[in-house]
Every structure is written in C-alpha cells, then in structure tokens.
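Naming follows writing order (A, B and C), and every chain is counted from residue 1.
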Amino acid sequence: MIEIHGLSANYGEARVLNDVSLEVHQGEVVTLVGRNGAGKTTMLRSIMGLHRDLSGSISFDGKPIEKWSPNARARAGIGWVPDDRGIYASLTVAENLTLPPVVHKDAWSMEQIHATFPRMRERRSSMGTQLSGGEQQMLAIARVLRMGSRLLLLDEPSEGLAPVIVQRIGEIIREIKAQGVAVLLVEQNVKFASTVADRHYLLSQGRVVEQLSNDDFKAREVELLEHLGM
Amino acid sequence: MTTTRSGLVTVTGFAASALMLAGCAGGPPPAPESDLSNDKVVIGLLNDQSGVYKDLSGPNSKVAIEMAIEDYLAEYGDQAVVTEDQIEIVMADTQNKPDVANTQAQQMYDRSNADVILDVPASSAALAVAEVANQKKKLHINISAATTELTGAACNPYTFHWAYNTQMLAKGAAGVVEDGGETWSLVYPDYAFGQDMVKSFTAAVEDAGGTVNEAIATPFPNDNFSTFITRAASTDPDVIGTMAAGGDLINFVKQFNQSGVRDQAQLAVGLMFITDIHSLGVDEFSGTTFTDAWYWNYDEQNREFADRFLDLTDTRPSFAHAANYSAAYQYLDAIQRAGTDDADAIIEELEGLKVDDVFLRNGEIRAGDHSVVHDSYVAKVKDAADVEEDWDYEEITATIPAEDAFPDVNPNCSM
Amino acid sequence: MDAFLQYTVQGLAAGGFYALAALGLAVIFGALGVVNFAHGSFYMLGAVASAVLLDVLGIQFWAALVIVPILMFIFGIIIELLLVQWLLKLDILYNFLLTFGLSLVLVDLVKRQYGVSGLPYELPAGLGGLLQIGSVEVPSYQLFVFLFALAVCLVVWFVLSKTRVGMIVRAATEEPERARALGINVSAWVTPVFGFGVALAGLAGVLAAPFRAITATMGTNFIIILFAIVVIGGLGSVLGAVVAGFLVGLVEAYGQGYAGTFSQVLIFVLMAVVIAVRPAGLFGRKEAV
C-alpha cells in the first residue's frame, strides 16, 4: 500500500531521517518504535506531506506522491491522527467528524461511527476540546475512518490514556485491520504495540536499525524496553 | 484685459511708471536700471501639494502667480526692470508639517536663491517659514495660514500676512448676531487653531451683543461628531458655530444635517473655503454663514480674473489663488519701483502702501504688524435652486470694511 | 437622563457601523493571519466608488450597497492573488508592511484622480429625517446603518457558525496545516475569504458615504480605531469584533457627552484595560503553544 525508499529528511542543518526505507501492506499494522527524537513523528509528517525538506521516494497505491500537497495525499486515502489528536476547539464534535471530505467508498457511515463510538453521538454538540483526552483520541480516529482513509498514520494513540481506554483503542485498531485498512503506528508503549502489530521497525537516530516480526518483538521485549530507556 | 490691468495698477505704481516714462521721453527707451540678486527674481511657492489644502491653493497657485507675472510684464512692457526670462518660480510641498516647511524654506532661500516665499498654509508650517525668513532676511508673504501669531508675537520685518486671519474670520459672526442669531454654541477642535478661533468668535459674538452658551472641545482629527452636535444643541442656541476644517468640517456638516438640529439652529462655519462647498455639494451647506476674504463671482473685475483662471485650470479660483496673484503682482510692482529685489528695499516699498487690485479692496499693507488689511465679506451659501453655474455657491450678504475686518495693529507685535 | 439615553442610542448606532467595518478585518486576520493595514483604504475605496458610481453612472445608494461589495470582492481577490498570497508563508510582519504600503499607494492614487477636497454624496431617498423612539430622536439614516450593520453581522455569524463553508473557514483559521492534512484545500479557501473581508470593508464604505467626508484619507484615522476594536475583541474573533465594535461606539458617545476631547483617548484606555486583564482580548483564544 505504501512504499518508502531512501527517505532522508532535514530540520535546518540537522538530519532527522537518514535513508529510511519501509513498507506497509493492505490490512497490516506496522509500528515504528524508537526513543524520543528518533524521527518517528517526522516520518509520519513526511508521509503526510507536511515536512517538505526531504529526499527519497514515497509511493502510495503504486503512485509516486512525493510532490503531492497534503490535501491531495489525504484525498488519496492517507489519514493522519497527530500526537496532539488535532481536535478543533472552534468546531463541535459533529463538525470535527464531518470536516474532512469522504474520499473512499468504504468510508464509515455516521451510523457505523456512532455504533463504534457511542460517545460521539452523545457529545456531538459539544465543542471538540471539551471532550476528555481519551474521547478526543477516539474522535481523531473516528474522523479519518469517516473520511474513508486506507492508510492510517497513528501517532502515539495510547499516550497519557488510562489502560482501559488503551485497550479499547487496541480493539478498534484490530477492527480496522480486519477491514483491510493499513495502519502505521508510532508507539513507545511496547506492550501495547505488541498486542496490535504484525511487524515492527526499530528507529534510532533517524535510521531503521532493525525490522522485527511481532514474535521476535515479543521475545526481545526486555531488551527493547532497555533500548527505549524505559 | 485692459480693464483688468488698469485695475491692478496701484496708485504709487502708476506714479512711478509715469515718472519713468517721462524720463525716457524723446528716444527709444533704454533698458531700465536694475539691481537683481543673481540677476534674477525667484518666487518660491511653498504650499500643500498633496494634502487637505491642495485644492485651496496647491499647484494652481502657480498658475495664479504666472498670471501675475504676465500682467506685470504686460503692464510695464519695455520698461519692466525684470524681464520675462529673469523671473523664475520654484515650488515645493510642506505636507503641512512645520519641520518639512522649515527645511524646504531654507532650501528655497539658500539653494534656489528664492527672493520671496509665497503661500504656506497650516499655521504651524507658516510660523516655521516666517522664522526662517527672519533669519535669512528674505521675504515671506503668507497667504493661506490663518493664525494671528504671524502678525502678533511671531511677527518680524520680513513677513507679511496677505489674505485673512482667525480674527477676521470671526467678524462675520457680528452680522449673524445682528440678523437675530443671538445665542451661540461653539464646537471646536482642541488644538491651537481651534482655540484661537473660539477666542475670536466669542469676542466677536459678545461685541455684537450676543452670548456664547458653551464652547465644546472635540478631538482632532475626528470622524464622528453626533454626540457633540447633540450637546451643542442641548442649550437651545440660535446658532451653532463649528470651527472644524477640511475633512472634519465635512463630517460635521453631514452629521449636523442628518441630526435634525439643522431645523432648530443655524449653522455658522468658522473657516470654510469655496472648495469645501464644492466638494460636499451646495445642498449640504445651504444657508450656512461664513466669512470670506474674496469671492470670484462678486463683481465684474473678479469674474474676469476668474474666467482667465478657469481657462488655464478648469476650475474657479479660491480666495487663496486670488491672493497669491495679488501678492506676486504687488511684489513685482515693488521691485519695479525700487529697481532692486533687495528685501529691505522691498519692505520699504510695501510698508504703508495703500493698494487696490483684484484681491485687495481698500487694501493697505499695515506697517505696524505687516497685516494686509482689506474689505472682507459675509457670505451665505446659496440654495441649490439658486445656483446658476458651477462654483456659483455664495451670496455676499454684507461687506466688512477693511478697518472692521482687521481693526487694530496687533499689540503683541514688535518688529 | 434624556441626554444619557440619547448618547446611548448614538453610541449603539456608531457601534453597529464600527462592528461592520471591523468584521472584515477580523475575518481576514482569522483566516489568513494577515494584519490588514489596508483595510482603511478598502473602506475608503468603497465610499469613493459609491460617490463615483453616483456621479458618473447615476447609480444610487441602494444599488451601490450591492454593486460596490461585489467590485471590492473582485478587487480583493486580485490583491490576494497578486500580492498577499506570496507572503503568507513568511513572518506576519511582511504582509503587514505590504498592506501598509498598499494603503499608501491606494490613498495617493485616489488623491491623484479625485483630489483631496472630498466627493459629494446625497443621503438616499427615504432615509432623511428623524425618528422618535421614546424620548429620543434618532436620525433615520443612523438607525438604518445600525439595523443594516446588525443584519450583516448576523448573516456573517450564521454563515461562519452554521454552514459547511463556515466550518471549513473556522478549521483553516484555527490550524491550517491540520486542515490540509484532512484533505481540505486551504489555499483555495483563503483567496475568497480575503476577498470577502475586503468586500465587507467596501460595504462599510458605502454606508459611510452619506454621513462621512469622502476623501482619500478618510480611512487613515479610521483604521486605527478598527485595530483598537479587533484588539479589544480578540484578534481574529468575529464575535469579538462585533461586541467590541458596540463597546467602542458606546465609549465614544459617552466620552463625547461627558469627557469631550478625551472621547478618542477613552477608546485606547479601554483597549489598554482589556489587554491588561485579558491579553488575548475579550473573545480571543490564547495562541497555541
């Protein structure tokens, strides 16, 4: 679904991504694991087209998209759930949900959204940022599902949330995966990552240092935790 | 043409040229003796080329000065001590700022060798130029500024004030009081000009037996006068006098007309030019009284001048244009008599001169304070229905004799 | 008491006008992050255009209320495409300087073409005279301006808060990058929003024509008051601009009634107090960190 080759990205003088290659297939959940500052968020922003100072190739559904604007990439089916959840304070919950255009026939209907995220119906008239952190995370995910994104870029969805909510997010990711949607997940929570992902890329100082299957990942959990400094 | 020119010749000018002609009788007239600095006469025109006073005087004052030069040359022909190619006009913009006026005046006197600077609207700019003139010992004839300071505390031997001042503007108020407008409310912008005007108006109204209920200060500049107008009307005066000028005046009058106060009280305007009436439309101003220094459609002589001016500029002259003409002409005429453009010699020629021309009626260049006194007029803006042609806006209801318009030598002046 | 009521009515009438004039400034700042110094000149162009339309083509006030905003919308689009958009990615100062320069150019062009003494304009038929409201007399035209401005503010508020267009504008205002990442072509919305803000300035100019001096410089002082209004209301807040517009109108009227020369100073005292108590303005949001 998405293939990235030799991607390098700079922030001014500093190189934050160095010759990174990775791919995510349809219906696959892949994580990017690494310490803070390893370049995970830059990776997602580069895929979204929000980070422009880069070289290398990105192809989505077989089409090169490096030159595309962010909104063209979104319309092609890439859905971004930023680490701050990106909920609009000046829009209601319902407006936050319906803001993006529907870009794919498999997009979730409002009924589906409400069935999976009942709080979205109850709080539909509240302003977006009046929701709790967990609800905002749900809203951010629901928003790209309603849009019909085929590849979800999830930036630390479990961060700062209660275990029961993290668990719920895990369920939702598995449900999405079952529908053939691809997910590229940035995570520091190794336990959570191992419950949802098929494969893992280990990112360090802007490079992919290792690629692991989920079984290997589980087996080396302690070592990885140490690497991540947890 | 002939009548105009003859009208322009001053009594003394006549005498001088007659003497000269007599002296030359019997042979081809030799070139008259003259002693010109830099071998030429440079007239500096320093005024507002882009701001609120641009239409009042501005670039068209240059046309008026050119007309004066033309008339001077035609009047004296071969006997002119200054020939056509010896006269030069230089022009600059003060932007109505004293600092700019100061710099421009210095440049005109020093670099362009200006012998005289004419015009200079905006009182603060005028005072700055008068100061420079005094330092450089060169002439300044002020036309468009209103302050009495020029002939008062700030007077000096090198500065003349040709057309009008705040005291004279208030004189029209006496006529309004006599016509039954006995109680007044004044609304004025709270800076030097406005305060000056309020003093003059209060004195003029009270001298004529009227009373001023209150004087209301407003910010300057100001767009919204609605509540000030309500306040001015609250004492139920016969007349509301506004000292606002330029764009502020237009704001005031538009809002005054809409306020309904127009039906209760008459409007008198402290400082208004014909260009203001032209821009706002005669309807908005109709019935308004003000003091005018000169009106183009007053008599045949004025009209003839105005027709010439119209041909050259496509517009009718304001009093400032006529006054620029008058000052330039009288200046050249003084050179003719003195045979030199030396400032002190010219001052001697001008001081005490009694003069009549298209602008100055019963005029006298008062030696005591260099105020040029002349007849002034109480003008009433016509109703739209009575306007017969473009710029035909004023009805002159009374003439204020020169000695009433500019009564006494300013006591604050010591040369 | 009568005087107080009279001042209040006058303050509200002036406030409606201020609100309408400040609205476009708030919309443009909100959606583009442009501190539009040329807003006063756009207002001036609206008034001058009305006077010229009347003088040259005999187009009356009522038609001008429709035609001038359309012309100004087109003019705004041209300015945005030609100039403003190229500086949007740079520091906010660049567009501030651009619009400052633009206002100087526009003022001088109008001076050159139409002089400095101002242009005449007639009060529209049927809006002369006075209306008696209780013990207070109000000029009909002031009342009209108040009601019209209020209606326009309500329509703008409705469009912004209740329609899809408004939703997109709000999102693009709050966080344009995120809106792009959600598939919204923000750039395509920015141009017409700028044009809309300019049209609102032009509309205020049409309303001003019958009761303000129509001169090239009529916007130069006005823009200062408008900036005070949007700062009081909260930069970019439409509701804030409207509420602050009325506040400033009232403060000015009471100032004129009871404090004379200080009436204009009071506006800036109000601004200083608001900034001291709520730095982001009455309805402003704190900048996202």
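The criterion applied here is as follows: a residue touches a chain if its C-beta (ideal position, glycine included) is under 8 Å from a C-beta of that chain, and two chains touch if they have at least 3 such contacts.
In UniProt terms the chains read A = ABC transporter ATP-binding protein; B = ABC transporter permease; C = Branched-chain amino acid ABC transporter permease.
Bear in mind that the values here come from a model prediction, so they are computed numbers and not experimental data.
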Shared chain contacts [chain A and chain C, defined touch]: none
Central chain of the complex, centres being mean CA coordinates: C
Farthest chain relative to chain B (ABC transporter permease) (centres taken as mean CA coordinates): A
Rounded Å distance between chain A and chain C, as computed from the means of their C-alpha atoms: 43
Centroid spacing, where centroids are CA-atom means, of chain B (ABC transporter permease) and chain C in whole angstrom: 39
Distance between chain centroids, defined by C-alpha means - chain A, chain B (ABC transporter permease) (Å): 79
Residue numbers on chain A that touch chain C, as the complex places them: 48-50, 69-71, 73-75, 80, 82, 86, 88-91, 95, 98-101, 103, 143-144, 147
In the complex, chain C residues that touch chain B (ABC transporter permease): 3, 6-7, 10-11, 13-14, 108, 111, 115-123, 128-130, 137, 139, 141-142, 210-215, 217-218, 221-222, 252-253, 256-257, 260-265
Chain C partner contacts - residues on chain B (ABC transporter permease) that touch it in the complex: 50-52, 54-55, 190, 216-219, 221-228, 230-231, 234, 247-251, 254-255, 257-260, 275-276, 278-281, 283-284
In the complex with chain A, residue positions of chain C that touch it: 167-168, 170-171, 173-175, 177-186, 285
